[in-house]
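Presented below are the structures under discussion, each in the form of structure tokens.
Shared between the two complexes below is chain A, which has chain B as its partner in the first and chain C in the second.
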Partner chain A sequence: MRKPRSLTPLFFLLPALVLMVPFVIYPVLKTIYFSFFLNGKFVGLDNYRHVLLSSDIINLERFPTKSPPWGSLINNIIFIAIHLPSTIFLGLGLALLLRKEEVKGSSLIKSIVFLGMVIPMIVGGLITRFLFEQGAGVIPSVLGALGIKSLDITWTAFPQTALFAVILGSIWIWTGFSMLMYSAGLASIPKDYYEAALIDGANKFQIFKNVTWPLLKPITIVVVAMTLLWDLKIFDIVYVATGGGPGGASMVLALQMWDYFARELNYNYAAVVAVLLTTLTLIPAMWLIRRRE
Partner chain B sequence: MSTKKMLFSLLLIGVLAFSIVASGCIGGQQTTTSASTQTTTKTTTTTTTKIQEQVTLKVIGPWSGKELDAFMKVIKAFEAQHPNIKVEYKTYRAEDLATILPLQFESKDTPADVIAMWGWFITKMGEKGHLMTFNNVINPDEYIPGVLDAVTANGKIYGVPFTAAAKPGFWYRKSFFKKYGLKPPQTWDEFVALLAKIKKIPGIKAPIVSGDSVGWPLSDITEHFILTFGGAQMQLGLISGKIKWEDPQVKAIFEQRLVPLLKAGYFSEPVEWTSAVTAWWKGDYALYFMGTWITGMVDDPNDLGLISLPGCKAMVLAPDYFMVPKYTAHPKEAMELAKFLATEGQRIHVGTNSGKLATWKKVTIDDYWPPMKDVAKIVSNVQAVPDLDDSVGGEWQKTFWDQLKLLWVQPDRLDDVLKTLDEKFPKK
Partner chain C sequence: MAGVRLVGVWKRFGGVVAVKDMSLEVRDGEFVILLGPSGCGKTTTLRMISGLEEPSQGKIFIGDKLVADPEAGVFVPPKDRDIAMVFQSYALYPHMTVFDNIAFPLKLRKVPKQEIEERVREVAELLGLTELLKRKPRELSGGQRQRVALGRAIVRKPQVFLMDEPLSNLDAKLRVKMRAELKKLQRQLGVTTIYVTHDQVEAMTMGDRVAIINYGELQQVGTPDEVYNKPANIFVGGFIGSPPMNFLSVSVTEDGWLDFGEFKLRLLPDQVALLGELGYLGKEVVFGIRPEDVYDAVFAQVKVPGENMVRAKVEIVENLGSERIVHLKVGGLSFLGSFHSDSKVSEGQEVDVVFDMKKIHLFDKKTEKAII
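What follows is the complex of A and B.
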């Protein structure tokens, strides 16, 4: 005989539902509805066809053989391909290096690394812009001093470097999050495991491979999913640092949506990009939820 | 258990009902159009009773710093003439307003009573029924020809012009030219020779500094080349879309005039435009293409000299426009202020160090701030044309700025740039 389910948890959901239905669920449904209309007329999938075939989204004429612009979707993919592994390994590396018991002043260094996460994203974008400005920024100056004259330029002004400037700026901002998560994960691993491994004669690499890394798996899942979400919805830094330019070389999906909405005043195309973006972000989000369950 | 279920069902129905009602409210505000008339009528009635009371008008404009100081002198003069009206000013960039206003207007609301905005945007909002009209408020014959075109649609005037910036050419420091024995050129060849000579001066980063922001400084330079070598008709043709960017005559201007200068390194990479003023003034660069407002941004406006490209017969005149949303709580006072800004306010504004020119023909040369008198005379002798990208507006404007940034660093991509500008041009 099945035990009847308690309805009590549902009562606790009611306050959230009161807010979620009109302010989240309704706008989402309305956005999906808008994406099938143009100038007040139902157009089926025409808006999707127009947006997806646009060179603003995927520019197959130029990608991958010619220099950017390659389209905002491709830029988002490049963003993920570079940003995701970089922040994971940098964050993990820093967390390992700055373990409290091994490094003096590790808290201070961690705070400095975490600073990128604390500042507003708009400020992060401005700092990124100036970091890569010829004459004023650290990066071109250092590269110039090292003799790499081709990179002693204003990175945000050139199509070949603009996207990479934004990605590197974003790595600086996001590494603090990754480091903090891994630091917490490392602190939760019992010391006994390491002592047992040492008694068994394991070297440092073997300990990392067989003890640390597997036990950090739940943290890695969270970091990967959160970073994917960050990369897909990246907007502020690009908006401030490059505006998506030059020539669309650093355009990303969220900024494309903004342009359709705010510049072209075409809410229907903006809704299409919003739906695509939501669909893309749902994939890592659902993966994360399932893995956590 | 059944009582619990019933109670829960009732609560759930309650939540859904509330949600639907709340959603309905949101949706209704977005779609109902007939309500606007009622709203206007109500606010007008309220104002009639309040007319003698103290009224506070909110004004939004793009100015800050010295530009704001100049504008506030106009506001002070208005307040002195209208003791019952107080004006509060807020600074917003037009780029930011473009995202805020459409949503506010759709919900029959406005962040201010009088708002400065791009002409194309005003027309678009006017056509959607969000703005008051000025047909019975100002006399179009009192304005320089063409200045109202940007804010007029189907015979309705949706905005009023304020003062305008002219974009007359390359500014230089007279003291700099004197120090290095340089002279303003009279021909194109002399202009190119001047740039070559400046490039050899020790310590000079580039002869011309390219201002950067969202992109307009580069478009201003480009328009000056188009006006000089293609004339006003070409500029007007490009604005209307009758002339294509890939048209051989347009392309020739880029290929033969602008691109060779870019390739020769006579223009700097784009530098943030206000920082560029400082760098240019201290001698890192010799020339700076900028609008007339630069006269109010430098330490000594009397040290300023101006070089238009030799042969230039037309000049961009870019007015600031004001609009009054229908959703203002004080329509009468707001219209009064807008009228003042479009008329006597201009006289006051050109008398300050705003670096602006009047669009109202009743303003005379004597009304001008002394350093601007010569510029006003120069501008009065050439044909004034509207700003190209401001006139087209929308997504294309951003594309234009962005493509020029690309051209500036990769002049070899000229064909791609012109093709993109044609492809993205708004379809009529």
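What follows is the complex of A and C.
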């Protein structure tokens, strides 16, 4: 009885495993392998040393005192530091505001926010680029009209603003995800808890702090992990909106890998970045899987 | 401590009238049950008292304080009403321990830590929850959760307890036990309690008084004895008691008999006098009698053939051990009798049946209100 039982699941997984070996596992191993070679020669950790110490990845000469480029790893970290709290805050805020059906235009606002999730990322990148274009985009015009002339510029063309244009664009694109998750989370909290808290004497803020927020914790875990993954892997929007420029000011790891690979034709450095990026994404991924179990 | 008073309270949800012109006074320290069939507006009434729902019209007082009156623009939010509520679902915060659940209302009121600790322990002691204080609600049984919900209500020492079917999620045995415990606890604390249920046994056993509601309208308020023995109308008569009261259409003759067509019963002299006074002689009325007031003639004390006794056919006998529910038929008229367990009746047999004329009820055919 025991043997067939333990082998059966494996049998059903076989087709998937057969596909995974050549298309996933082999390339991963091969990439790791490549990362230890340069021009066909085994160089140990030299590639890692070179990439990690290069100003492409971490530019400590310019960060944080001088203007960008600051290096793609730092850019990714800045990206996360702004994008993660913003999307959580906005998504949760919108979900809370639009919770009741009676709110006028709630489904319209939800649709607009969610549009960011639906459109292809390439289009999102293009929209971002136009949003921040001097003379054409809304944001420079509005800021200009408010008298902030220094920001009435084409954001993607200047090193000081390029990264922030991409981050702000990404906030719109990704807020729909957290809004959707939190909307579903809020809908799943029985109204009895709120009413019990009301009777126990809680005000709106206390209800949020003591009831809503703790009960949304499983949702928050998913949103944080998924956003971290998305932020670390960010590529298309940057590629289309700024191409990582100007002068690498908005370069991120995934695009850096592409740059090493396609422009500098250095597969080995590209492989190093790939391994680093994968390691970084594994952290939130493993955390998420652990928490879900 | 305080009583609760509703004056002409209405609640409409769009076109639905959930509560209709409800006036009810609950005295200080009293245990009053709101009883009625599903959807009759019990929960809505309770929620209006708690402040979770605003009445469409009418006034609600807690103690001397007006807490809701839409006409005057008065609406006191739940937290300022000094009430505590036990929900049917218990609504224990799943992420908090038992201790934190009970302590929550005190924490919100900024009670000093030391005092919170003392009061929670005290309540836990009272409810037998001391061992469970560190657990989360999901690690508790239904009865334990129920007690935690009670604890959360008690700990604040509110003016009024509101409870919405707090026992309905428990199994039958536990329900009987908790019924007694709850009653005892209420006595001990002496807090005004309004308790919603659709279970008439709970209502009869726990309440100082029972308020019976149907279709959002208050039908009768009285002690369990009053609503059982002197139902104000056909609905109350039929709703309270199991098996339910028998209802038969009957005409009152001028000379003081009840004429069922198939047979006649002689009214008692004071009954005739009353019916004459109210002008019911010669009129059609609805006759009601509880099954336990219909006797197997063998066990009847007062039997006068032709006056309170009739020969009936036994259709079905349900043996409950303590009694026998007998389905009886006289011609086309059917009714139930609850016979002594020693009664020898068997199905298909004919039996002499005696009506206890002192216990009969008569209702107006149109208004359905009780005459006798």
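In the analysis below, the second predicted complex is superposed on the first by the 280 of 293 C-alpha atoms of A that agree within 3 Å, B and C clash if a C-alpha of one lies under 4 Å from a C-alpha of the other, contacts with A are read in each partner's own complex, and residues count from 1 in each chain.
Everything below uses one rule, namely that a contact is a pair of C-beta atoms (placed from the backbone, for glycine too) under 8 Å apart; a residue touches a chain by one contact, two chains touch by 3 or more.
All values derive from a computational prediction rather than experimental measurement.
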Both complexes share chain A, so when I overlay them there, do chain B and chain C fit or clash?
fit
Here the angle between the directions from the C-alpha centre of chain A to those of chain B and chain C, rounded in steps of 10 degrees, is 150
For A:17, is the partner it touches chain B (first), chain C (second), both, or none of the two (neither)?
first
Thinking of the overlay built on chain A, is A:190 touched by chain B (first), by chain C (second), by both, or by neither?
second
One more residue to check, A:43. First (chain B), second (chain C), both or neither?
neither
Given the touch rule stated above, what does A:143 touch, chain B (first), chain C (second), both, or neither?
neither
So, A:215: does it touch chain B (first), chain C (second), both, or neither?
second
Quick one: classify A:206 as touching chain B (first), chain C (second), both or neither.
second
Check whether A:126 is in contact with chain B, with chain C, with both or with neither, and answer first, second, both or neither.
neither
A:52 in the overlay: touching chain B, chain C, both, or neither? Say first, second, both or neither.
neither
Please tell me which partner, chain B or chain C, touches more residues of chain A.
B
Across the superposed arrangement, the tightest C-alpha approach of chain B to chain C, in Å, is 38
Contact residues common to both interfaces of chain A (with chain B and with chain C)
none
Name, in rising order, each residue of chain C that touches chain A in their complex.
50-52, 77-79, 83-85, 87, 89, 91, 93-95, 104-105, 108-109, 152, 156
Tell me, which parts of chain A touch chain C in their complex?
190, 192-193, 195-203, 206, 210-211, 214-215, 217
So in the complex, which bits of chain A are touching chain B?
4, 7, 10-11, 14, 17-18, 21-22, 25-26, 30, 67, 134, 153-154, 157-159, 243-249, 258-266
Residues of chain B touching chain A in their complex?
1, 4-5, 8, 11-12, 15-16, 18-19, 22-23, 26-27, 98-99, 102, 124, 212, 214-215, 269-270, 394-395, 397-398, 401-403, 405-406, 408-410, 413, 416-417, 420
